[in-house]
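Below are two complexes that have subunit A in common, paired first with subunit B and then with subunit C.
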Partner chain A sequence: MAKKEKKAQVVDQTHIKKRSQLKSVWLRFKKNKLAMVGLVMFILVVLMALTADIFFNYEEQALAQHLTEKNQGPSLEHIMGTDQYGRDMFVRVVFGSRISLVVGICTVAIGLTIGAIIGASAGYYGGKIDNILMRIMDIFLAIPSMLLAVVIVAALGNGLFNLILAMGIARIPRFARIVRSSIISLKDQEFIEAAKACGTRDRRIILKHILPNALGPIIVEATLAMAMSILTVASLSFVGLGITPPTPEWGSMLSTGKAQMRYYPHLVIMPGIAIVYTVMAINLIGDGLRDALDPRLKN
Partner chain B sequence: MLKFVLKRLLMLIPIIIGISFIIFAIMSLTPGDPAQLILGENASQEDIMAKREELGLNDNFFVRYFKYMAGVVRGDFGNSYRTTLPVIDEIMVRFPSTLMLAFFGIGLSVVIGVPLGIISAIRQYSIFDYFSRTLALLLTAIPAFWLGLMLMLVFSLNLGWLPSTGTDSWTGFILPSITLAASATATLTRMSRSSVLEVIRQDYVRTARAKGASERRIIFKHVLRNSLLPIVTIVGMNFGVQMGGTVVIESVFTISGLGTLMITSVRMKDIPSVVGSVMFVAVAIGLANLLVDILYAYIDPRIKSQYSKR
Partner chain C sequence: MGTPLVETKDLKKYFHTPKGELHAVDGVNITINKGETLGVVGESGCGKSTLGRVLLRLLDHTSGEVLFEGKNIFEYNKKQMLEMRKQMQIIFQDPYASLNPRMTVSEIIAEPMKVCKTVTNKVELSNRVSELMDIVGLAERFVNTYPHELDGGRRQRIGIARALALNPKFIVCDEPVSALDVSIQAQILNLMMDLQDEMGLSYMFITHDLSVVKHISNEIAVMYLGQCVERAPSDELFKNPMHPYTKALLDAIPVPNLSGRGKERKLIKGEVTSPINPKPGCRFAARCPFASEKCTNHDLKLNEVQPGHFVACTLFE
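Coming up: the complex of A and B.
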């Protein structure tokens, strides 16, 4: 019996040989308890965001005002209490997770895509292109990303799309740097030379041969950038430059709750906990990935 | 060494020009008319045209940028669209608060974060190590402005120990500085810990132990000195983040610094105020980075010799 299993395993291994790299990363990730806790926490948030419509009515419970029940503390009926317009805080926090997640994912997607294109061209072609592109990136890097986001959001105007665009642009330079440095370290390796000798086009070399090998640091940066984006969107909304009320967004909920926090502290405590929970989950995953992808920590 | 410093100072110039150009372009080339924003929704078309002429908004973008920079070179940062007063005066009044806040924040994060990280590395896997790692984990996940609100709730509104707004006395800086220091403390703790852990496993530390050097001597002479470089780097990088962070923290604690100036100006499309403030912040960050590079030379003699070669 045991023999049979072993055999099956061997067969299995040869079968998935192509993905063994990914699998070994996953195995190492799985061993990290904190990272797994983060993953479970994160999956819960995602599930919450996806299933919100099944359990709650957005118009009725997250937007409509019920002034008779305003500013109630947490109770069995409203586990996070109600806000200054009598809306259930928990429902608003749940719907708020959608904005945070969408912003987090989309900003990383924008920053990563454009950053990777810039970084890859700079690193791969080198010389003048590298110099020009990276000097421009250096200038962007010299502006704190928070300031850059503030300026771009204000210039484009409020709204979800502009917010994502602004924060995505603010993330480009870091991704460009990381992609560039990985590409520089890879481009003189033999397998790239072999690909070139076969007459492979540059685009294919970059996409198929270089990027997959440089994925580790990029994934880690993407995870941490997502956490940062969620923090930034909340901060921007808090200072009135992001999502505006009545749309449920954690930062703007905090901003409206601030005026009355002395008497109703739950107005500012609850959305804050939601932010800390989500950001911590993503950070834990990021840390776990960093350790799992670090070749020095193998075995 | 002097040559190196001069060279670095000169390198700041293109960066400042680049930054001012980018911010100027973002502010100018996006929809929204400053004249309209100043005069309000109900202003007549003629008034708006007159205001545009007065602010010089009818010129070509490059002409406007060139005119602006020509003024900056002479120390004239233009007049605010909003208040019509010279921008430089307003910045000079507000800059000290922001700078102080950033310095207090950095100072606090160094005083707390570095020892925490070092002890946590020396006593790896001890209770203290777990405590400081958990703390660092928490502090990176807490949004600064929320931490500010919570501190305000506890220490100003409930206990009444500290003022919740303004910086009339030094006590006004306590809560904002703690708030600002939080995330920097977290990164510093983690960085110091991993840096010390890396050094502690080196052969020369084992050699020192074998020689019979006291534990104290090993830590202070052999480990700390060598693990300082990445720590100093992080402190320098944090300064930039802190300057950005002040934007939000100033508005939480209603401090009139560059951050609050930027938020109000950016909404009003007050281009000279925004570009001016961003330039000041960028110069401060550039100088801080230079300071870090000079510090490198004192920490690591190998780097010092590199500087003098150039």
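Coming up: the complex of A and C.
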């Protein structure tokens, strides 16, 4: 009984004091256990990527070949075993996280930002602008994203930056479509009209009133895209347009290990686990974020 | 009669449709006096809401003028219009759709003040929000709640608080009570009338509910298919309706009285004529029991039949 009263009091206090939007989103996010698990998993990967240099020597352990120790299974000395050149798999996975994370986050950032701007202007202004922008997006959509990335990398040259740019551009049309459709369904609502009635500028209407209400599908697409990007780098690396060996990268580790999968499965399993782990963390965060941002969902 | 605050002069709004021009508002002349309420009644699709939105420049007009304190607001540029918007606000019909579901009550009420930068200090802003919530009768504990957690009446109070945030002189009320149930309708109407007394607000009250409009208005304009067919002070209109359409409208109000049982009602026959490319003459002629050839010859103007009582009908020319 006493406990109940206390709880009621606490609720009352928080109500009277104005709470900022960010804080209430965080409070809702915190309640979601799975999302918190995802967040912790993701922070671990990021920490791993940032602190790799303290624990390991990049040149010595990730690149130098020790052919006498090649293709060893997991042991105490090499917890993930060694690859076909005798390099420690764990060290390579750790260093590989740098590229995979950067690629995953940056491609989505590029695709989402440009896609959202294009989709938002197309959806909000409609008419001619909509037609022109979306037909351009259709042209992009007609080209398989993999092929588009190949073309861009081939034209601009090999390299991490070009790779990210290429994959980011390939992601634009999908984001543009999703943002546009959400905006069209929202822009005729009365609360948008209310905002216009007090002279709100278009930019503020889109950023403050429309986009927050359209976040759900956008976040889902963003988390999926991040996972896809990590895998696309792997495919691009496989055809020689992505990260070139011996640079450790999860996708290229996976594809080089594929040849000997039957005899040394750990060559594929270890980078595979790393990819699954990161993608899962991102997806859990994405789901949690989507729910936390929507005050209508209660649990 | 008070001094006019808002006036429209031959205001027209046509929509382009594949079938032709849709005459949503067609040559409307109305006047709203300071501190008074003009009720606008008419059936669905007669252009009431469009009129309200054109008045606030939420929709572009086709021709005509809207004078606010004697100045034509259609001539204002963007910057002047922004100033203008502080003077006139709108309350919407649907309290579910008119509030952003992602914002808390306090954010919704603070938003107009942030946009127009009337209050920039954070502390002042939150004080002003609590003040407004107090004015419209919302308890302070709702500061951090979201609209979906509240009932229709409270949501409509948020809508009113938002409209009041900029201290406007004129508020367009677009059927503010028709989505609420009757007991809450009365609360909201009383609140709005109290606010009018305290702040000297002028309302344009759009509704299809005649009992509501009688309760709140000083003057009533009856609209039919984009045109104002009759305009008169509230009591006068209910006592002495002149236009056949107004008569039919008033006749449709149910009489809560046993003597009314079995009484035959004069109902309007036929359907509303299409507002797309209408023929000249009285729009109501096709359904009017008194229609003659005169009615379809020429466009009708509002005539002052009695002082303050205007009718657009050949019977009173």
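To be clear about the criterion, the second predicted complex is superposed on the first by the 206 of 299 C-alpha atoms of A that agree within 3 Å, B and C clash if a C-alpha of one lies under 4 Å from a C-alpha of the other, contacts with A are read in each partner's own complex, and residues count from 1 in each chain.
Simple rule for what comes next: a contact is a pair of C-beta atoms (placed from the backbone, for glycine too) under 8 Å apart; a residue touches a chain by one contact, two chains touch by 3 or more.
Note that the structure is a prediction, hence the values are computed from the model and not measured.
**Q** Decide which partner touches more residues of subunit A, taking subunit B and subunit C as the two options.
**A** Result: the larger residue contact count on subunit A belongs to B.
**Q** Looking at the overlay, what does A:Ala194 touch: subunit B (first), subunit C (second), both, or neither?
**A** A:Ala194: touches subunit C, not subunit B.
**Q** In the superposed arrangement, does A:Asn213 touch subunit B (first), subunit C (second), both or neither?
**A** second
**Q** Write out the stretch or stretches of subunit B touching subunit A in their complex.
**A** Touch list, subunit B to subunit A: 14-15, 18-19, 22-23, 26-27, 30-32, 137-138, 140-146, 149-150, 153, 157, 240-241, 243-245, 247-248, 251-252, 262-263, 266-267, 269, 274, 278, 281-282, 285-286.
**Q** Spell out the part of subunit A that touches subunit C in their complex, as residue ranges.
**A** Touch residues, subunit A against subunit C: 12, 14-19, 21, 24, 189-191, 193-201, 204, 208-209, 212-213, 293-296.
**Q** Over in the complex, which subunit A residues touch subunit B? Could you list them?
**A** Touch list, subunit A to subunit B: 135-136, 138-140, 142-147, 150-152, 154-157, 227, 231, 234-235, 238-241, 251, 254, 258, 261-262, 265, 268-269, 272, 275-277, 279-280, 283-284.
**Q** Inside the complex, what are the residues of subunit C that reach subunit A?
**A** Residues 53, 56, 58, 81-82, 85-86, 89-90, 92-94, 97-102, 104, 106-107, 111-112, 115-116, 126, 140-146, 148, 159, 162, 165-166.
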